[in-house]
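Lettered A, B, C and D in written order, each chain numbered from 1.
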Amino acid sequence: MPFGKLANLLSFLFLLMSFLLIVRNSLSGQVRMFAIQSGILAALAGVVALFGGRLELFGVAAVFAIIKVAVIPSVLNRTVAKIGMQRAVAPYLGTSSTLAVCAVLVIIAFTAMAPITGSDPLPTADGIPLAFAGVLIGLFTTVNRRRALTQILGFLMLENSIFMIALLATYGVPLIVEIGVFLDVLVAVLILEVFVYRIKQNFDSIDVKQLGVLRG
Amino acid sequence: MILVLLLFVPAVASALIARSRNSSRAALIHVWANIATLIAGLDVVQRVYVTKTEIAWNLLRADSLSAFMIAIITFISAITGIYAVGYVNTEFDSSQFRRARLFYALFQLFIFTMLLAVTTDNLGVMWVAIEGTTLATVFLVNLHDNHTGLEAAYKYLILSSVGIALAFMGTVFMYYAAVAQASEIGLSWTSLIAVANRLDPTIVRLAFVFILIGYGTKAGLAPMHTWLPDAHSEAPAPISALMSGVLLNVGLYALIRFKAVADISAGPAFASAWLMRFGLLSLGLSAAFLVSQRNYKRMLAYSSVEHTGIIALGLGFGGYWGTLGALLHMVNHALSKSMLFILSGSILLKYRTTEIRGVRGLLKTAPWTGRAFLCGIFALVGLPPFGAFISEFIIFRAGFAMHSTAYSVIGISLLVVVFAGMLASMNSMLYGSPAEPWDRSDPVRLPLAPVALNVVLLLALGLTLPDGVQEFLGGVLRIVGVSL
Amino acid sequence: MILLVQWLLVVAGAPLLVGFIRKTKARLQGRCGANLWQPYRDLRKLFIKEVVISETTSWIFRFTPYVVIGAMLVAALIVPVLTTAGGALSLGNIVLLMYLFLLATFFLALAGLDAGSSFGGMGSSREMAVAALAEPTVMIAIFAISLRAGTTGLSDMINVLAGDRLLLLNPGHLLAFFSLFIVTLAETGRLPVDNPSTHLELTMIHEAMILEYSGRYLALIEWASAIKLFLFFTLLGNIFIPWGIGRTEQPAAVLLGLVALVVKLAALGVSLAVLETSVAKLRLFRVPALLTGSFMLALLAVISFFFLR
Amino acid sequence: MANRISLWLTVPLAVLVLVGGAAGLSGWSFDVVLPHVLPIGGGVALGLDRLSAFFLVIIAAGVLPCAVFAFAYTRHQKPERDGMTAALAAGMSLFIVSMACLVLARNVLTFLVFWEAMSLASYFLIMTENDRSETRRAGWLYAVMTHAGLACILLGFLTMAQSSGSLSMTAWAQAAAAIDPSKRNVAFVLVAAGFLSKAGAIPFHIWLPRAHPAAPSHISAVMSAVMIKLGVYGLVRIGFEWLGVGPRWWGVLILLIGAVSAVAGVLYAIIDSDLKRLLAYSTVENVGVILLGIGAGLIFHSYDLDSLAALSVAAALLHCLNHTIFKALLFLGAGAIVHATGTRNIEEMGGLLRRMPQTGALFLIGSLAISAMPPLNGFVSEWLTFQALLLSFRVPEQFVNLVFAIAIAALALTAGLAAACFVRAFGITFLAMPRSECVKQAHEVPWTMRLSMGVLAVLAAVLGIAPVVALRPLGYVTAQLLGEQPDLAFSLSGVVAGGSFAAIAPGWVGLTLAVVIFAVWLGFRLTGGSLRKRYYDTWGCGRAVHSPNLEYTAAAFANPFKRVFAFLYRPVTAIEIWPHGESRLFVKTIKYRHESRSIIEEGIYAPLAAAIRRTSARIRAVQSGNVHSYLLYMFLVLVVLLLVAK
């Protein structure tokens, strides 16, 4: 199974997962989708390490798997449990129009990434547009979704896609930077947890729309 | 050696404060840490200026541009740190010791992350450090833990993290462009500059787009500035002074670093054009908000967006004068804005409201705070005796020299609108007769002294430019790749 | 020396001109009218009578008559009456003349306000309005004449104009004459603008200001307004019909100048009398329309000089 | 006690400026550059030449009496405002120094720094009595208008610096021919707009009638008499020196602005019943007259009729000096009245001539001078301006002659209206009976105030009688500026303009006037005519009762002008009638208001301010408080940039 084909398959699966994450409405379902997506990404990291001859990537893949598949989803689930039942808060765009927008975003991703895929010597180049589509979809989720937790998931999806692009384009960035990024993402999520909980206490619902007092 | 020491002091201080038992010990450690950082910082600047070369230690590296930033960071944090002690003592009574301790600890951590951002040579570590600054200040913005504090902090975190993620995107693409040329190349800025002329221009342009949006968010450029007014008006005064005065400059520092690379590979036209457009947009947008503003802390926050716009215009005009004007304007803005936020803290302590209508006859009730506030506003708005007038004059002269007269004309007319708006607010606050039961006392009187130092420096920058400083700035400009 | 003679002639002759105009007006209205020397008798009567002064007035009220007569007497020194050679002092040109008249009006208006009665105030306000609106016409008329004569000094102006044979056929010259004639009516308070012989509070402008004056002060002011009329008529006569006035100081030229002056003044006096009997007083807020009309005439005079050269 | 000492600081400063000016006029000149200060703009470059020296004399002539006036004026303030007197003195000294150095500035940055320092100092001085909200508004409007003026000047200077490649003005003069005309025209229009806003010409004058009444009287005296002239100084510099010889339309533009300012200024002054605002509007009028002279000079300069240009510039500068003297005298007079009565509204005044005889007499001299009455200095400069305009027939072009005709008509109308305005101002304030209680107890002001006014009155008389004192130095100034002596021949008493075009001997006129008046007065004394006088009531149609409300008020006096010039005032009449309770027919009180509106304010500035406020309100909707829209902005920017920035 040549290296390039495997990487493209995994990237495609990654994009599929992000689409699924958008469709799900229940918080726990979304967290589970995110865990699976991170798992796929960890596998991709392993594949790149194996074929690309980058041994230290195995370590990175392992750390990535621990943080993104185990630690963060458990933290998210703990918060979901603490928040308890939630009134369903419809996002700004319905599911069908969201998917239409995501399609457009994929096309934009392909046009934007044209120069990169054109000049990239590495076999994994074809996956980059897919990864970049993940970035745009992650960003769009934070815009579209009204619940704080889903916004955090959107942000995490964005981080994952960027890590994926790094993997596909340059077989990963130097180690020190990787660790720094993971550390920052972890701390960011922890702080966001605290805030979601604090919002729940003050506004008894995590709909971010109530946070609209500061104007002008 | 010296760089490690510079970073070591705030980190250790933050840890020590976290474990200290009473607030007076925490304050003591805090003040001494600030002074030590200032001394270390000035020593780095002195070394870089004397030896004309940079100091390097595997990951850390300080050339004249980072020495310039270190000087700003350490000086402003020392000034704000001293004032912070007075502010915390009056703001929090003894019962809220844990909150005061958290304040001091995060304050030192904040300084550590900023210093790390400017002293590291590795662009990835720089990104991590800048993301670190956001994380360090989130809880400081929400120190008072009320509804609006929570809202501001949440928005600040989400917007900054998303923005910074895009910046990392840009860094990855820049790294990709570099790897395509020379396979075994680290993510360090010096190596990037060395290979810059061989990079593929289209990829560098794409990377710079992400960098501009990402670090533009941290610097407060227009469409991405929306977190800034909320965060700076809700944070306690010393913190918003530090954020507005220095953190925005760190964002601009990252932009300057990447602009240097983009100018060599993709030609100066691309980066300058977009910087000018974003700069003018932030100037226009902030002018609209400053015309009739009701809250004086938000007024100062929007004026930060305005000044970032002016600095972006300066960088956009480029050439020797444009960049020199931008650097000088960074210093002027840092000094005047931090001074004004400190004073807004005192005003808040005395009048207990951030509404401009609520504050009247400041010159009568708190004479020294009032007079300093007057000097601050005049410095901020760019009136002659103070430095901002000179730097704006240089920037717009460069605008004319670079034949982008349209930008200069619109810029200057927007500055007049801003002047009208801020003067109206200042007039209603300083003059008039205060509401009846008023006493003539300056809150937080002693720690107000460092503000005088700010005024003196602003006047010095306004009236003269000693040769030593001009030479040092010439060195900085050479690093950025601009020569007379 | 000739200057002194001219000066005395003006001072003495002014009341006679007023008497002559009143006489002709009376004749035209079928009345027999007072004889020519009546103004002199009025002045002598006023000089003897006791002066009644209002308590509310200040020193300005008592100082104004002297200023008014002083201004008129100085003006008399400037205008060449019999000969153009006598301008020894060359005090000033026609612009100074207009300002002297404005100085007199200035003080008269102040005196009108000083008494504190509503008539004085009304008179001053209207007099100043008329004087202000007349000023542009005067200046533009002077500009028209100076274009033709190349100078604004009175005596040189007359000398230059006299040299031009076809002067009266030149449209600009005639237009300037008519505009200046209308201004004379306004400045000296003659009929279409202001009725000199009435004491009806609401219609009088010039008379209202001097309502409070009596005795020798009133005499001085009456005499000054007579001199003003005399000077305006000599100006009109000498500038617009420059022939007849003497060029040198010889007695022959001066006598010829005297004869020419008498003829011109008589003609102007009769034309004024005819005008006054045939036209009624304009409503106050129609006067600006009249003055704007005269301004247009003067402007046409200037334009005709430039465009019809 | 501290503020007494600080007041002493202003007087020596003014004397120093006077000495500098006098020395400069007599030929002493220097050029000094301080490289260490403001190094970016090439250091602080100060140079003294004859034109700067003349303006130094103007500054000193305006400031010295006001500094003396300040002594008594501030001593009677309430004690708790001690800090205010020291601030006032400090502000005044900074004001004097910045004006003096501005006149000496020789490069762009120095000029701009001192220009703004002057505006700042005057802003603080206006804000001394800041407990009134109208003062704060006036101060704000003044600061904003001045800053807008500075922005125009900055833009103009930068255009010139860019096209001539240097920051020093003298370099511009040499390179003027090489610069392409369109850039020079843009620079001229911008910088002229900036200077006109400082000089208070019509389209930019709205700050003047608000700022001057708000400031303490001696400060508004300095502002009106001196600061305005620096706008004129700038115009003369760029018109005749820095930008080289300009095209015709420069002069025509300034001439028309001057004509409009003169007429509109005096028309607004006539209907105003606030004494200090009335004087402020009359400053706009006098600036108009000065601009007429400068406009004529520019036109002659562009036709290379340099001797005529020198004559008109000399007339304009002489009017600058004269205006400084009599406007300072009038403002100090107004200050004395406000000090004595406490009110600025002339409707409430009356009968002050008996209660304040010396102030009244001095105010009368000021009124005569400003209405250009013969024996005083106003007449000489207005007469010279008339001659300059009348001499315009030597310009060959028809269109330009027509423009001059309009200018002459405007100047003449202004002269008439100014006389009417100051008859009203002096008459209603000083004559007849007092109309309010506070005016009844008015008393004469301390001697220092009267001294400063007296000095100015004497100066007005001296310059009126012997104008050669000012005309000779002006000859050298215009010679240095235009390389040509003005077309003037002047002996000790007489002045002859334009060859044999016009001659006048103001000295002799004054003398003969005095002699004739004395002779007539003496005549009565000697002839022994009936010198009997009797004091009795004013004639009131036979009714015995006589009270102040029978008097003619200021509004009534201005009514004829309001009717005739209704197109400018567009008056709004409002009548409210309060009937007695029972029936509509019995009226208790009637309130009649007849307010006029300013075309310029409503036509230009109000819509502009409303437009700015509307757009900014719409833009403010961007910060809607909703984090999703913030994220949306970032998302859109990213997408747009990806598609556009290739």
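Here is the rule we use: a contact is a pair of C-beta atoms (placed from the backbone, for glycine too) under 8 Å apart; a residue touches a chain by one contact, two chains touch by 3 or more.
Because the structure is predicted, anything quoted here is derived from the model rather than measured.
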If you average the Cα atoms per chain, which one ends up farthest from subunit D? A
Ranking chain pairs by contacts puts first C-D
So which chain ends up in the middle if you average the CA atoms? D
Please report how many Å separate the Cα centroid of subunit C from that of subunit D, as a whole number. 35
CA centroid of subunit A to CA centroid of subunit B, Å: 31
Mind checking the centre-to-centre distance between subunit A and subunit D? Centres are C-alpha means, answer in whole Å. 70
Geometric centre distance via CA averages, subunit D-subunit B, whole Å: 45
At which residue positions does subunit A touch at least two other chains? 112, 139, 142, 208, 211-214, 216
Which residues of subunit C are in contact with two or more other chains? none
Residues touching two or more other chains, restricted to subunit D: which are they? 620, 623, 627, 631, 634, 638, 642
Please list each pair of chains that are touching. A-B, A-D, B-D, C-D
Contacting residues of subunit D [partner subunit B, same complex]: 36-41, 109, 112-113, 116-117, 120, 127, 130-131, 133, 136, 139-140, 143-144, 147-148, 151, 154-155, 158-159, 161-162, 612-613, 615-616, 619-620, 622-623, 627, 630-631, 633-634, 636-638, 641-642, 645-646
Subunit D residues touching subunit A - in the complex, by the definition given at the top: 620, 623-628, 631-632, 634-635, 638-639, 642-643
For the complex, which residues does subunit A have touching subunit D? 92, 108, 111-112, 136, 139-140, 142-144, 146, 208-209, 211-216
Looking at the complex, which residues from subunit A come into contact with subunit B? 112, 115-116, 119-121, 135, 139, 142, 148, 151, 155, 158-159, 162, 165-166, 169-170, 173-174, 176-177, 180-181, 183-184, 187-188, 191-192, 195, 198-199, 202, 208, 211-214, 216
Contacts from subunit B onto subunit A in the complex sit at residues 59, 122, 124-125, 127-128, 131-132, 135, 138-139, 147-148, 150-155, 157-158, 161-162, 165, 168-169, 171-173, 175-176, 179-180, 186-187, 200, 202-203, 206, 229-230, 233-234, 289, 293-294, 298
